[in-house]
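Each of the two complexes below includes chain A, the first together with chain B, the second together with chain C.
Let's look at the complex of A and B:
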């Protein structure tokens, strides 16, 4: 288990370097000249060359990439083409905001979605199940940027309950963005929990538990839910990773200064160092999330845990 | 001597069985009607409204509310936008753009992912290793960010959008199809074909692909809706199709500045997008139920 975890952690930098190289090459594909955007409309050749040299853009792309990697190893994420300041400061300021939004949204999604999904499965084909199913299908199809706009029109402009943009009003400013981000994910999460639970409820061991006289709540929460947890955790983890990277539109719509908003800003201004730093951060978070999901399997499911143990035990006999 | 007629057994094909099963579900029928309407609009957009109406700008008929007649005596059922373009015409031609984006990108990604997944399952070894490690690398970055980066690099336009959406959806498809292909590749009939000396290409086409059809169709239907939504999201951000191509996400973004004065400009494209996604998602769910009766009612 420990060996597997260490192997996965050691693989991380390699994966990140390949991702960075691909993104670096991709962003340099379009041939846009960032130096020209930085200079005033009338500039001299000397000014151009000086700026090109300052940002290291006079070197071949592959050399630029290795210089960027060298900078990363020294804790320097590069200099922004737009603000001309260190990219690191901006990125470190934005990460906690994005993570905060994603953590709160995931927590609410689990708190509401898990009981609702379980109830739907237990009360399959009842009006409660049918209504939840139809509502979740509809919410699952709503584009988040449109939902956000509708919320803005109803609750901010119409009723004046929440601020329209920014995060200056503290907790109140996060209500609409979190609700916008939450609803489509919650809809899909409820359906996922329902589906996973239905899978388990029909198994023989549930019938056995009932035959042995176990109470209904024990059968549902102890026997069925415990076994349904693997797909539920995989989905919830995937949602968390998507919320950090995929909150681009919600962050842009509500002007939340998170990492997603920065990605869009960096793309529009062709700010390659900022874009790279954001992609790196998002990739690290995604890989860490994937590792946590994989490791959580071992904690929840003894069958998965036993595969690690048996591998460990078998080794000496092989040698 | 009279010949006794043996009763003829009528054997339905799997496609006919699935079609019959779909027709017996009210949700599937509604979803099929929804999808048929979108397809009809996409195919006959030019017959219904000429493309020029969807892009023609006119300063005199700007921001007309729905069901308003303009100064030329022409009725605008869904109103006009800030540049005086008829919204109904843009919604109809937007259906064509949405279907182009959703269906073509899904088809390309399904063909590529099926070929790669079959290669992984049939050839195994280093081929499987190389393909899956590339998939691992691309999976590190959230799909939306991959699409954003590709659009940023290649610029605006439908072909660029197709490349972005295809690449961003490939890893998930390859993983899903490969997992099923690995199981099918271990079946006795595949092993017998190998033992009889069949070539990998023949086995893939004759044995693997037909048995992967259910997973391909189900994932493909879901992917069409995801890609339409992602295309609209990219359009909303400003990285989608080139102006003045009518596209629902771009239309919504265009209405942002007029949210207070002309709410219909943001409500209509969003609602259409939502209904399209709902129809396709429901059809996908019903298809899954039809393919696998054990799954009935689970999703």
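Let's look at the complex of A and C:
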């Protein structure tokens, strides 16, 4: 188990290097000329060459790639084509905010969703299950831009409890963005937990546990829940990853300086170094997340643990 | 009644799914003395497992409906509270299930799963006492105690069933229900498991209800036999009474024995019982067996159940013998 963990951690840089190469080539070989975009409409050949040299774009692409990797290893994420300043400053400012939002949202999602989902499964065919089901289907279908606006109208403009945008008011300013981001994820999470639990509750070993004289709560939380955790963890991990990179609407709506909106902005302005930096950071987070999920699989399920001893590696999905 | 450990009186179970009512068990009467082994024999769908699950009150809550009385040590199991019932399950009455592959929880070690049932019913035991008891149980069923830290997937099918038996016997139950304990195992392992169960039963003096469709196992193991068909007990008696070919039998019992291969006679084909078991939602009127019965008479086809004809403890539910006596 320890050996496997170490192997997986040692493989991470290799994997990242491959991811980095693919992303770099994909973004830089798209035929667009970034230098031309940066220059005024009338420019001289000297100006062009000078700028090209400044950004290192006069060298072969593979050299550019290694220079870029070398920069990253030294903590330099490159120079933005748009602001002409270092990309790192902006990314390092935004990443902790995105992680903070995603961690808190995932935590709340699990804290509320897990017991609710379990209750729904246990109380299948009762009004409690039906109502939760309808409400979560509704919340899952509501678009977040609308939900966010409603929250803003009710709680910020109407009641004045929370600021409408920005993060200047500390914890208070995160309440509405997190709530907006949370609800659709929570709705799906509850349904996921419910169906995973229903699968497990119907198993023969649950009947065995009851026949042993186990109390109902022990049957549910000890016997069934541990078995249901695999799909639940996978889903929660996926939610976390998409909350970091995919909270674009919420970030835009509440003016939260997160990484998701930055990516979209960078794409719109063809700011390749910023795009690269953001995608790299997101890739690292996803790979780490995937590792945590895989390890928790092995921790929960002895069958997975025993296959891990011989298994070479599992390919994590890209961001 | 006090001499009987278990007394089932007029037990009926109905399942309702999507408005379809299935009468899985109909007016079953059974009794069992301490230390006795009762074989419950019948085809798939005859209501054997449902009867067994009713004793432990493990039927699905929303879809099943139970009528009748089940007295265990003088206590009606169908009316006591859920908490009292939990104290009975695993401690006084325990059950071995049909499929050992899926009956153990894959994410806990077998030691933990045996330990659970010991701890539930003996909360005062210290951890090392529980651990000693687990070792003892594993030795009893022929598994080296060192293997208690292993998980179910590391055991073979026969070994898993041994673990199930260890769980079932861990609290010295008064009654053990074995629901086709060997159906999922291959024949050589079947013999081992049955032999072990019989030895343990004799050693511990446990009463056993053995659910099976294997008459060979019944002959080896049981004191009493009840033949089930269509949710009813069509014939019951001691092993000798039911297995004695010179005695009167229900046509279904004759059919069961007739469909067994005979070592001493040379035949090219076995004699099956024609037709299929009726689905419990579409039980025929009159005698439930009449559409398949080779000796079916006009009076079998309608009306109430045929009367029970008793010859001592040997009961047959059939018009055939009622007529003869009348």
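Remarks
Convention: the second predicted complex is superposed on the first by the 289 of 319 C-alpha atoms of A that agree within 3 Å, B and C clash if a C-alpha of one lies under 4 Å from a C-alpha of the other, contacts with A are read in each partner's own complex, and residues count from 1 in each chain.
Note that in this section contacts are C-beta pairs under 8 Å (C-beta built on N, C-alpha and C of every residue); 3 or more make two chains touch, one makes a residue touch a chain.
This structure is a prediction, so every number in the text was calculated from the model and none was measured.
When both complexes are overlaid on chain A, chain B and chain C end up sitting side by side without clashing. In the overlay built on the shared chain, the residue A:227 is in contact with chain C alone; chain B does not reach it.
Judged by the number of chain A residues each one touches, B leads among chain B and chain C. Within the superposed three-chain model, A:263 lies in touch with chain B and out of touch with chain C [touch as defined at top]. Within the superposed three-chain model, A:104 lies out of touch with both chain B and chain C [touch as defined at top].
Looking at the shared chain after the overlay, A:211 reaches chain C, while chain B stays out of its contact range.
Contact with neither chain B nor chain C is seen for A:38 once the two complexes are overlaid on the shared chain. Contacts of A:125 after superposition: both chain B and chain C are touched. In the superposition on chain A, A:255 contacts neither chain B nor chain C. Taken over all C-alpha pairs, chain B and chain C come no nearer than 12 Å in the superposed arrangement. Common to the chain B and chain C contact sets on chain A are residues 125. Residues of chain A that touch chain B in their complex: 15-16, 18-19, 22-23, 26-27, 29-30, 124-125, 137-138, 140-143, 145-146, 149-150, 152-153, 157, 191, 194-195, 198-199, 241-242, 244-246, 248-249, 252, 263-264, 267-268, 270, 275, 279, 282-283, 286-287, 290. Interface of chain A with chain C (complex): residues 125, 203-205, 207-215, 223, 226-227, 300-303, 306. Listed in rising order, the residues of chain B touching chain A in the complex are 136-137, 139-145, 148-155, 225, 229, 232-233, 236-239, 249, 252, 256, 259-260, 263, 266-267, 269-271, 273-275, 277-278, 281-282, 285, 297-299. Touching chain A in their complex are the following residues of chain C: 56, 58, 62, 86-91, 94-95, 97, 99, 102-109, 116-117, 120-121, 151, 153-154, 164, 167.
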